[in-house]
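Below, chain A partners chain B and then partners chain C, in two separate complexes.
After this line comes the complex of A and B, so read on.
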């Protein structure tokens, strides 16, 4: 952890301490209470040669390691303090300090870290030469794939440190004003694998070790006010990301025919030079959010509006969005409830003009025959509208029936494709029942159906290939197939959810559940898609004393996706 | 037969008579037969029978915030004199029990922050049995949770518990992050989502992927969950399917896949230092194993890929 981050953590801890201690001193006869627990122990890990298989979030240290847990909870008068700390190993530590004073000030500061072990791709599947006329002199053709590991002994992984704080101040008065401030910093530091792929003079992949030093800082500031029957809140949020690690660079082979060495630089945008790769762009996001709610008789209305801007600082690109939601809940009678929700969101992503060199600029026969400049339109530029209504009927408290229907439309614009249907429309229906005769048993059953029109719009889920047909080059004769109407998204999903929970006593519970769904897509031209999901689960929980807990769970998950893969049919 | 006509005057007289009769009957009912109203009796009376609760409850945050001076229990349970005298559980307010009977949630009388404004109508509000399903109001635990996370959430969401055990998962079982780091159980909204689109929650931690990028991968713009299941998967990187099958569900294969490889050792003519052992199926192994070996910047990039034929859009750099 960097020195500045340590300073931030210490500063925040001091702030919490000052906030708590700044409250007026209470008399000696104030009620007070404190309890703490310290657990000293350890854990042993035997890994032999399989430390890489331990898991993504285990640093894989072999042997006996000490472990410490410390908890403290106490109050004096109306001042409260909690602390918890856990040392698992040097890379997994958590600390949390929180306090509250007189229901006016409250604050929480926490630090946590863990190690994320990254897998290493040995690239061993990448070694082949195409079988062509090998007897000719020189041998004819022959695409070749090779690989190279420049850091064979590297141990990839990074440690993630997070510092987080939340503060609230309630201002005394009838307006019930509450000021809110929050902050979070995430630092990821370590080493990771990056692969450079070049495909001239041989398709050659190079594995490199690159530094990881990613920093994310976010902060929020706002207020909540409750003057009478109306709640109003405003929050300003800001987030920034920057990588402090040097941008990796790699030398890309000079573009030559792999056999006879003729110049192929007209087929690539760059070659024979050292260029950066795997660059992480600096970005920012800021947002303003307003939420309002009020109660009018038997009905309650909740609304929110958000304006946000996300920027790619490195490239000067921007996403703007404005969105609002509205929710209306009414109890026409003791036995009925009606919930209606609607939202509208507009997102605009900048378009970018991309200049590429023309095909074959160094080959007189092909010079300027194909242009590859294009304007990058974004499918993120869209208007999303959602609406739903749910009616709940509860003849008795132990029975409950609900019916709901919802509609969603995503309209993507900025696509100049003629005849393209840029809209995705979804219709959702569900019917559910709940039976809860006592607090000891709950049964839930729900059927749902979702119909989706145009889940991935034709020629829209992929960008426009940006070229003309027919093409003299075989690479493009398959463009239509590659950019065809293909998706893994279903057009019809229906399913059932069943959940039974039995709690014969506060110390024991049994539950069984079943979730099943079937998704199909009969609209697309190249796939017959069918997605089946089935998941029965059984679990129990037994807590004879607060210190003992026996817990068991058996869950079976069956997921099956049927689809025909589109096999290329060309020159092999 | 004479038909009584409802003239305005007669109508008014009728209304007055009805109201008077109603008041008279109500007064007779209330004054004549109603049981005496319960009165506040104080904590000590409650402790006499419920010592197991009141002993530990004095250090509970609710007890210390109670506005009732010595009437802590009754600030939530209502006046308890009749319950104390007769021992009938029906004569005392039990917020947990009464919520399931009447739908009235007493907790919301005090817990009125903006987080709770969208509680009504949320899935937890409608499907759970009230606050006491998750909170033990008399306990001394922080946040008064009935169990620590994630076990509390897994009780009703066993499918998520099963997914958390899968080879690729967020470190929830390791205790490093908790369910409430992403989910807001009271409002039904996702946390950290300060606007924009549905991917915002993911970007709050994976902020390097926010973009916008010059070269985009369109499903990334649609929804992270097209390719990832954040609760856990068998496939690496929480992918809903292993590579290359996930990629092939939208894209066609590289044509190189159908080529045959030579059998035996080979050396790249222009790069003698590059050599290896090729097999007949080598092209399939190379091009049908893991697409992201080459297309490593699958979430988007600002740098053009090498090939002109792909217009720089191949996301390999």
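After this line comes the complex of A and C, so read on.
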């Protein structure tokens, strides 16, 4: 951590201490308690074989180290203070200080750090050279994939530091005003792998070691007020991200045919030069959230509205969103309940203009160079509307039935192409029941069905034969030759959820659940999609005597889906 | 469903596709035992086990037409490696044992050990990831 970060942490710790201790004085007769606990010891870490995955969040150093734990908890009157500190090793340290005074002021400040080991992509699965005959006898053709590791002995990983603080002040008075402030900083520092990919004359991947120095800061400030039967809250939040590490630079290969040395630099953007790569953008996000709720007789109304702006400061791009929800809950009688919800969200993501240098400018066979500039429209620019209604009926204490229906529409402005306004519509239905004959058994069963119209398939995946244009203009024709759709999204989902809870005695409890669903899609022209999902769980807790306690759980997840594999048949 | 799109004497034959089936299974188990042996000694034993597998099968890959096979002389169209490459599997388990013994009302001796083991021999991107790690901790807790 930098000196400024250490200063922030110390300042926050002092603020909490001062705020708690500066509250109104208390009587000497007030009850008090304090307890310290110090643990002094050490640990030995042993490693075998490849330890970077199994010990991903360990520092990965074999040997013995001292370790210290210190805890304090105490109260005096209506004030309490709690402290915990743990030194595991130089990269895993945690400190936490929290306190509360007279139900008016509360605060918590914490610091924690750990080391994360990062594995290295060996790139060894990327070593291929074009065959010139079916027996693949050497030397092979000019098209190949090769890789290069410039730091074979690098030990990648970074230390993550987190400083977090939360404060609440309850202002005395009938308005029940509460002021809320929170802050979190995450600092990551170390070393990681980045891979540069060069293409055209040959595919050449280069692995480099780069510095990591990522800084994320977030803060929020707001209030809650609850004067009578109306609750109102407002929260402003801010988050920023910046990398302080130098932008890595790589030498891009000189583009030439690896067999005969023909100059191919006119086909690539970078050739034989140092180029910055893997730059992390500086980002900032601002959000305002208002929530309101009120009770009117047998009815409750909840509402919320959020406005947010996220900016990529480095590139001058912005994404804006505005969204609101409304929820209405009413109990028409003691045995019935009705819940209605509606929400509307609008997201607008800036388009990105990609400015490529002219292509073919060095190819003497071409009279004019070609422009390949394009605009990238975002699939995220969309309007999403949702509405649902649920009716719950409980004729007896033992039984409860529920029925629900919902509708959702997503309109994507620019998918699959600019201005398309393609819509996905979803209808949801469910029916469920709860059975609780005694306090020892509870069972819940629910069936659900979702019907999805046009779940945004990927279009034009495959390619027909029919090359008529000469190279290089054939590349324009390839778009004309494309056909077919692929999706992994179903148009119909049927499912069931079952939950059973058994408590035969105060010493034992068992629970089991199952969620199963089948999704299908027969709308696309290339595949009848079928997805099966099964997820059973089981857990138990047994305390046969006051000395023994057993608890455990089991979960199983099974997914099966069909799909398509596409293979290109081409001759160079 | 299989659809080959092959045409005439062209050098470019488009693409063809075949149906595949992907299956994934993940089993997670965990159990804990707490035992207050005496007023001075408590013991804990816990463990967890995760086994995850993913496989893909090409259920119906078409034969490459002779026309393509003859003209594109440098390709053998052997798709077996696609299936092998998609087999993913790992097993991870963790076992821990610990105890705390009260020497006096305010002083305790603690000892615990934990063992983590991962078996992942597929080794596609990061190499063979099989490995293990163990940690033994001892210390004295003082209350005041």
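Operating definition for what follows: the second predicted complex is superposed on the first by the 464 of 572 C-alpha atoms of A that agree within 3 Å, B and C clash if a C-alpha of one lies under 4 Å from a C-alpha of the other, contacts with A are read in each partner's own complex, and residues count from 1 in each chain.
Just so it is clear, a residue touches a chain if its C-beta (ideal position, glycine included) is under 8 Å from a C-beta of that chain, and two chains touch if they have at least 3 such contacts.
Note that the structure is a prediction, hence the values are computed from the model and not measured.
Q: In the superposed arrangement, does A:516 touch chain B (first), chain C (second), both or neither?
A: neither
Q: Between chain B and chain C, which one contacts more residues of chain A in the superposed model?
A: B
Q: For A:558, is the partner it touches chain B (first), chain C (second), both, or none of the two (neither)?
A: second
Q: Now for A:112: first (chain B), second (chain C), both, or neither, which partner does it touch?
A: first
Q: After lining up the shared chain so the two structures overlap, which partner does A:405 touch, if you call chain B first and chain C second: first, second, both or neither?
A: A:405: touches no partner chain.
Q: Is A:177 in contact with chain B, with chain C, with both, or with neither (first, second, both, neither)?
A: Once the two structures are laid over each other on A, A:177 reaches no partner at all.
Q: Is A:502 contacted by the first partner chain B, the second partner chain C, both or neither?
A: neither
Q: Determine, under the contact definition given at the top, whether A:389 touches first (chain B), second (chain C), both, or neither.
A: Once the two structures are laid over each other on A, A:389 reaches no partner at all.
Q: In the superposed arrangement, which partner chain does A:548 touch: chain B (first), chain C (second), both, or neither?
A: Second partner only.
Q: So in the superposed three-chain picture, is A:75 touching just chain B, just chain C, both, or none of them (first/second/both/neither)?
A: first
Q: Please report the chain A residues shared by its interface with chain B and its interface with chain C.
A: On chain A, the overlap between the chain B and chain C contacts is residues 58, 119, 121, 125, 130-131, 134, 462-463, 465-467, 481, 484, 527, 549, 551, 553, 555, 557, 561, 563, 565-572.
Q: Using the touch definition from the top, list the residues of chain C that touch chain A in their complex.
A: Spelled out, the residues of chain C in touch with chain A are 1, 3, 5-8, 10-37, 58-59, 61, 64, 68, 71-77, 79, 82, 92, 110, 116-118, 120, 124-144.
Q: Would you mind writing out the residues of chain B in touch with chain A in their complex?
A: 58-59, 61, 64-65, 96-97, 100-103, 112-114, 117-118, 120-121, 126-127, 129, 132, 140, 142, 151, 154-156, 158-159, 161-163, 168-169, 171, 174-176, 192, 194-197, 203-205, 207-208, 210-216, 218-219, 221-222, 226, 236, 241, 245-246, 248-263, 266, 268-271, 274-280, 282-283, 285-286, 289-290, 293-294, 296-297, 301-309, 311-313, 316-317
Q: Taking the touch rule as given, give the residues of chain A at its contact with chain C in the complex, in rising order.
A: That would be residues 35-55, 58, 67, 69, 119-122, 124-125, 130-134, 136, 141, 462-467, 474, 481, 484, 526-528, 546-572 of chain A.
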